[in-house]
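Order of writing sets the labels: A, B, C, D and E. Residues in every chain begin at 1.
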Amino acid sequence: MTDISSNTPGQGARVASSLLTEDKRTKKRNAAEKRFKAYGIAAIAVGLFFLAALLFAIISNGTRAFTQTFVTLDIELLEEKLDKNGNRDIEEIKKVSTFGYSPLLDAAVTKMVTDSGVETPITKAKDLKQLLSSGAAGDLRAFVVANPDRIGDTVEFRIAASSRVDGYLKGRVTRESLARDKNLSPEHLDIVDALKEQGVVKKSFNWDFILGADASDSRPEQAGMGVAMLGSFFMMLVVLALSLPIGVATSIYLEEFAPQNWFTDLIEVNISNLAAVPSIVFGILGLAVFIQFAHLPQSAPLVGGLVLTLMTLPTIIISTRASLKSVPPSIRDAALGVGASKMQAVFHHVLPLAMPGILTGTIIGLAQALGETAPLLLIGMVGFIASNYPEGVMDGFVSPNSAMPAQIYEWAKRADPAFYERAWGGIIILLVFLITMNIIAIFLRRRFERRW
Amino acid sequence: MDDLRSVERIVSDDEKTKISAKNVQVYYGDTHAIRDVDVEIADKTVTAFIGPSGCGKSTFLRCLNRMNDTIDICRVEGDIRIDGEDIYDKRVDPVQLRAKVGMVFQKPNPFPKSIYDNVAYGPRIHGLAHSKAELDEIVEKSLRRGAIWNEVKDRLDAPGTGLSGGQQQRLCIARAVATEPEVLLMDEPCSALDPIATAQVEELIDELRQSYSVVIVTHSMQQAARVSQRTAFFHLGNLVEFGETGQIFTNPTDERTESYISGRIG
Amino acid sequence: MPVFWIVCAVLAIGVIGYGLCRSKAMKSAGGNARNLHSLPSYYGANAFLFSVVAPLALLFAWLIFVPILIDRSIGATIPEDRIAEGSSLGLMMADVSRVSNGLNLAVSEGAMTEEESRSIRTEFTDVRERLASVGVALGSNVDATILQAAQKHRAASDRSRLFMSIAVIALSLAGLALAMSRTKADFRARNTVEAAVKVMLIAAASVAILTTLGIVLSLLFNTIEFFRIWPATDFFFNTTWSPSFGDTGSELGLAPLLWGTFYISIVALAVAVPVGLFAAIYLAEYASPKVRAFAKPLLEILAGIPTIVYGLFALLTVGPLLVSFFGDGGTFGVEWMRGGTAVMTAGLVMGVMLIPFVSSLSDDIINAVPQAMRDGSLGIGATKSETIRQVVLPAALPGIVGAILLAASRAIGETMIVVMGAGAAAKLSLNPFEAMTTVTAKIVSQLTGDSDFASPQALVAFALGMSLFVITLALNVLALYIVRRYREQYD
Amino acid sequence: RDQVQVAGSSTVLPYASIVAEAFGENFDFPTPVVESGGSSAGLKRFCEGVGENTIDVANASRKIREKEIKACAEAGVTDIIEVRIGYDGIVFASDIDGNTFEFTPSDWFNALSPKVLVDGAMVDNPNKTWADVNADFPAQALAAYIPGTKHGTREVFEEKVLAVGCEATGALEAMVAGGMSEDDAEDACIAVRTDGVSNDIDGDYTETLARIESNKDGIGVFGLAFYENNTDKLQVATMSGVVPTTESISTGEYPVSRPLYFYVKKAHIGVIPGLKEYAEFFISDEVAGPDGPLSAYGLVADPALADTQSAISAEETMASGS
Amino acid sequence: MDDLRSVERIVSDDEKTKISAKNVQVYYGDTHAIRDVDVEIADKTVTAFIGPSGCGKSTFLRCLNRMNDTIDICRVEGDIRIDGEDIYDKRVDPVQLRAKVGMVFQKPNPFPKSIYDNVAYGPRIHGLAHSKAELDEIVEKSLRRGAIWNEVKDRLDAPGTGLSGGQQQRLCIARAVATEPEVLLMDEPCSALDPIATAQVEELIDELRQSYSVVIVTHSMQQAARVSQRTAFFHLGNLVEFGETGQIFTNPTDERTESYISGRIG
């Protein structure tokens, strides 16, 4: 140890190489290593790039849906139109249909335009009214029915502008395109410009889009996502409450308890196969079993949830089984060795260790369920449905409702471009909903992650 | 070898048989790992299994509390009785059996939980403690018996997997004794322990022998001689010789035993 | 007693039983749990199960089967000659039970007194109108036979309700008593409870089987119907798919759809599997915890973006981009691609969607491989990538195959991306830049189309579903075999 | 169940939902539920039987078929009221900034048929641009986006455009002369080429629009209502010299249109609250008339609306009505 | 203790330092597991690390080939050089280092592959064999050196995880020597081995010493005395004493060493 400099005879066959210089083989291997790592980074980059591109598309197309142009309008609720007998009998007031409210609106719009002092070739009140949403009369009627004592007063209303006017303020609609449009003419826009100047027409944040209900094709400006969101919410409650326990229980049985024989093999293959069954087939099943056989109500989130549960189960089962398999047997041995029963070993030790995979399966399965429309088509949740808020929790499960993706598909199909904008806006809401839903799972998953 | 000590511990004749195994065969798939083994393990004694690596000691040990059930390809035949009851009987609940017959595995396998939970797990599922304080007491006592209390008393919340090899081994011993089994099977419990810790574990074994029976697999002839009253020598899946420890070490009847013992170096 | 309250009562008995048996067990063990066979809570849980499971099962069975029995017995009292022309006993019974339920509702809403409901006669009251006023839908006017039957039906149902309440609660109490009597120190409560849990696990597992059964059954009848009017050989061996709207001129060959399905899925997997797997490897093995904590959930968003967005992305962005590369006058000077819609377009985009299916689950599984495996490999001088490729991945194989299967399944089941990205034309071609379509897309379009629902053009959807089911089943068998063969069990 | 349940054609859906919304606003009955899913699926559910768990109204973009009526009857749905609500115009439109077209059915036949008549013989379609089809047209590449075979619109397109064109060009005659049977020749007339010129669209008009956006040469088939809401992106082609509008279609001048229907279960009338009111409201003059919201949205009002109104109030079923 | 043998193996003065560690500190999170350790490991010698369980032997051993890098919470400070090169230098490739400094872990960790592949893995990645035959030869030779060839020669295709504890340990030794490292770190390589196998492994160590240097962690004082030329005694993370084996065992300077050695039983 003292004489380091002295040359030791009989040096080993290997020439001691320096650690600081790489030999050829190491160089090659390190290059492979670098490449391998680069592939990984590239893979993530590819994924994130596409995510960014998609999110960019969604956000740039969708944010406009969150604002809406409104017109502030003084409307005189003429007694002779709304309550001819003047006795404020609600039954009689109700007899006046929305068509009966049109004259009030006509008058109000004409007054508004005259007050604004714009010169316009449009003279007919019917044409001027095209500035407003065609749902205006309905809003008016609902107000009157709710407040019959206001009949005779002049009430200030904030009414959604029609989709073209809204589009104009958002830059979606141009004067040139309106020239060919039979819904609105460029002359209308002069009025809009003037009214905007005066603050009568204003763009503001559109809570109704987030909280409101669907509207028909003729009034895109009133369509909202709120009710469909509740539909999705109740469906997800059902899916989560059923698919997670059933999926995990199934996996535990198959992975830990089932005897190894052809029958369990059959079940195993069968479950993977269920994952490949097109989702619309689950709709066929749901229609036959839940509606026609079990007589559950049509278009109900409960049924939707049940169908989606069946659809999500394979995803959760496959991922749960995979992660149960990956728990080392020594953990089971250790538990059994201190006298735990198999059930205890599984529930106390194996399951917590498999939790990350289970949660991943849940995240992916729920994402899939949340975005699925095809099976809903057959059990009656796609179309013009989400128009009433459910009256209570039970009602939320059984009263007809739609779901967010169904609403989005429905909007994307509609003719008016304003709906297209809303479809993208709906996608933003859907994603926010999804992320909120996942955050808990993601946090839980991080807590359960460990290496051993 | 210290013959005096061995002689000192020779067991009395009136002992009771705790475990009796007759004609045990174990197969791993097609391999016949244990052949025709007959052993009687007496109550309140320490029995040592010795033999070259791979001869089937662990396999046989695992038969005694049916841990082999967990290996798919493993098949056990023959008759193994504890207190006269066939443990492979259909009516026997392997869980109850394992609560009665505790085990320390050859490879330490702590749960990926805190040290405290590792030890407390058994008492919890067997309902041995009524209160947190009682459980704390059991945990402390077990860790002390496992000769590891001093090292971990300040880090009971640290994960059991973050311990050193020998510490893990002692943790597993502590975990096994915490459930107070009637029979304790220990597969090379001191393999990773330093002499002092080994001595403490041996003391524990001696203490346990007062009320329970202990089966220990060891590669150290000295250890076998020190702690056991009976010794079984396995070779290539056969039980070659089984008898009083003193006699086996001083006067083996089978020449394989003889040569194994005399060829010893450790 | 309403069902809800019966359930509550039973649950209450169960909870009481839990407490009673738990304390009885403790008492029998002299206050020392050590003398018990199982933990005290198991005795409690056992009592709970005893007093809850069987009664609820009885309740359930009663609710399902007794009404059928009642229907049958009431139906038998309706004379054959009273059944109207063009109607059937079944339809009449539907009316009877609707009237009966309607009477119930009317009474509970106060539109009718109990007395009245029993005594009304069609001659004096317009029953239909009165029921409609409480919102009960009736198919036709109520005639005397139906009304009488309905009143009988109602009485029988009431009686059955009463008996049911008594029986269920009695059974619950009996269960409790039995559990109490069996609660002794040496009673194997844990085994009983665990057996019950195991039964529940099996029940859960059978949901999957029942689902399959349901799917097969719901497809089967219509499939048979289809093959009755369409030759099977033509369906399986014809290589053209061109359904027409009318009665003639349709060609319904499975082959081009199947080919499209596999072609598109393979392209999608060719994107998703390498990208997903490398992403998973990077996340599990190289990335810092921070990167991992962000990147993984971010990638998972890809799975949650509605497929319509992917469809539009394919149609508006990826398709034209590909055309500008491979199309007429494109960058590569080849003329492989004629329109934006192609197998490639749909496959690429679908692949992006499937990335998280592969990456997230694989990441979890790779992460679960014990560190000792990696140490062993690194310790003899392997690089990280060698370790991953040769030790970690083989050990994680079953899970990774599961993840890939999941992705493949999703690829097979996807419609929107296919419709928008790959088109609707069925073609047998090797060129990945040609438009094709998949079985699933056609199932959806034939099912939601405008054609006559009894025509082969609509029924073929079921036959397509069935064929796809059988084929994927075969593929899954193959996958299972591969996993079994190459699985490496660590530890 | 207290609301009317409607299902069926997605072409009728927009109209039905406009009506349902207005119905919900003006009546005390809850807003009807209108599902989409196609005429076939809607009628199928309609014919599943009578009772609360079946739908009350089926929307259809075609007339119910004999076989379907039979299937209905087998399930106990015997009394069906048929209501024709108006017509759906089918238009040909292309990108707003592109060339303008004036089509005749013959142009479409020559553009899309796999075999066309050239110099008296049927040959494989050689046309690559619209100029090849008709010398008056610009040399724009042929790219047609037509509804997939699942759409009712496709049937109309085949019958009123391709078949007409086939006859007009003399191809039908030539095929029959060439030894084909009448039926086969008619089938051959409505076939479309599969070499990528003609693209089936299984999605909706939005998809057709997106296709035209990504391929500016494309010409698509749309519903009149869809076109009218997207005049900023699309320009419409005339057919045989007629510009498609609600007026020209209702007078029958513009040839390509189809009737839209809904079917009501008579057994549910008076039982499901609001069912009859809904049906009456749907075809009232205020709603379905030429000045009503449906027409404003693009429905071609039925000139014979008054007959339908009286038929409904009399609850005339198909058997008794026709 | 057989003093003769120890003396016999006393190293010559002119030895070269292979590994020198100076002022090494290791932390697991906040725990200071190794404090101020200075060690010089000579070439072509066997160095034994002894000390009570949990004192930091494995931790220090893992520093020498940077296996601690794989533990997230582990932090190493100080200066460790092999052949004069700082192994914690940024330019150093840990892979090359580990190829040079092989390791046998305390817990046997065979790959879930066949026995053959377990051993062939190292030679394959290092390209030590040019043909299948050559590889077969390396595998056989390594398994022979690991004293396990006879037991496994008929089941080379069986999974390495299906071996007995001691067999796995020997398999891991065979796997480590198959790559012909210049330094071999062995963490309790004989803990699960019977005396005969132990002797064979010790022979192997002796043979390896001819060309390489070997560091061995052991709890058996006898083994340390038998195979090593130098011994380091660790206690509570400190290197208490380091010197010639003979001197440490016969004449320790530190009283902790003294008491550890004299308190020995095993």
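As a convention for this text, a contact is a pair of C-beta atoms (placed from the backbone, for glycine too) under 8 Å apart; a residue touches a chain by one contact, two chains touch by 3 or more.
For clarity, every value in this text was computed on a predicted model and none was experimentally measured.
With centres taken as mean C-alpha coordinates, the chain found closest to the middle of all protein C-alpha atoms is C. Look at the CA centroids: the one farthest from the centroid of chain B belongs to D. The highest number of C-beta contact pairs joins the chains A-C. Per-chain CA centroids place chain B at a distance of 28 Å from chain E.
Chain geometry summary: the mean Cα position of chain C and that of chain E are 56 Å apart.
Each chain gets one centre point, the mean of its Cα atoms, and the points for chain D and chain E are 83 Å apart. Taking the mean of the C-alpha atoms as each chain's centre, chain A and chain E sit 59 Å apart.
Residue positions 95-97, 99-100, 107, 125-126 of chain E each touch two or more of the other chains.
Multi-chain contact residues of chain D (touching two or more other chains) are listed as 1, 10, 37, 41, 52. Annotation for chain A: residues touching 2 or more other chains are 29-30, 33, 329-330, 341, 353, 377-378, 412, 452.
Interfaces, counted as pairs of touching chains, are A-B, A-C, A-D, A-E, B-C, B-E, C-D, C-E. Listed in rising order, the residues of chain D touching chain A in the complex are 1, 3, 5, 7, 10, 13-14, 16-18, 20-22, 24-26, 28, 30-31, 33-37, 41, 45, 48, 52-53, 55, 204-206, 223, 225-226, 228-232, 235, 286, 293, 296-298. Chain D contributes residues 1-2, 9-11, 37-41, 43-44, 47, 50-52, 60-62, 65, 67-68, 71, 73, 76, 78, 143, 148-152, 154-155, 158, 183, 187, 190-191, 194, 196, 199-203, 207, 210-211, 213-215, 267-268, 270-273 to its touches with chain C in the complex.
By the touch criterion stated above, chain C contacts chain E in their complex at residues 289, 371-384, 386, 390-391, 394-395, 488-491.
Per the touch definition, chain E reaches chain A in the complex via residues 13-17, 40, 42-44, 82-83, 85, 87, 89, 91-93, 95-97, 99-100, 125-127, 180, 182, 211-212. Across the complex, chain C meets chain B through its residues 33-34, 36-40, 188, 190-191.
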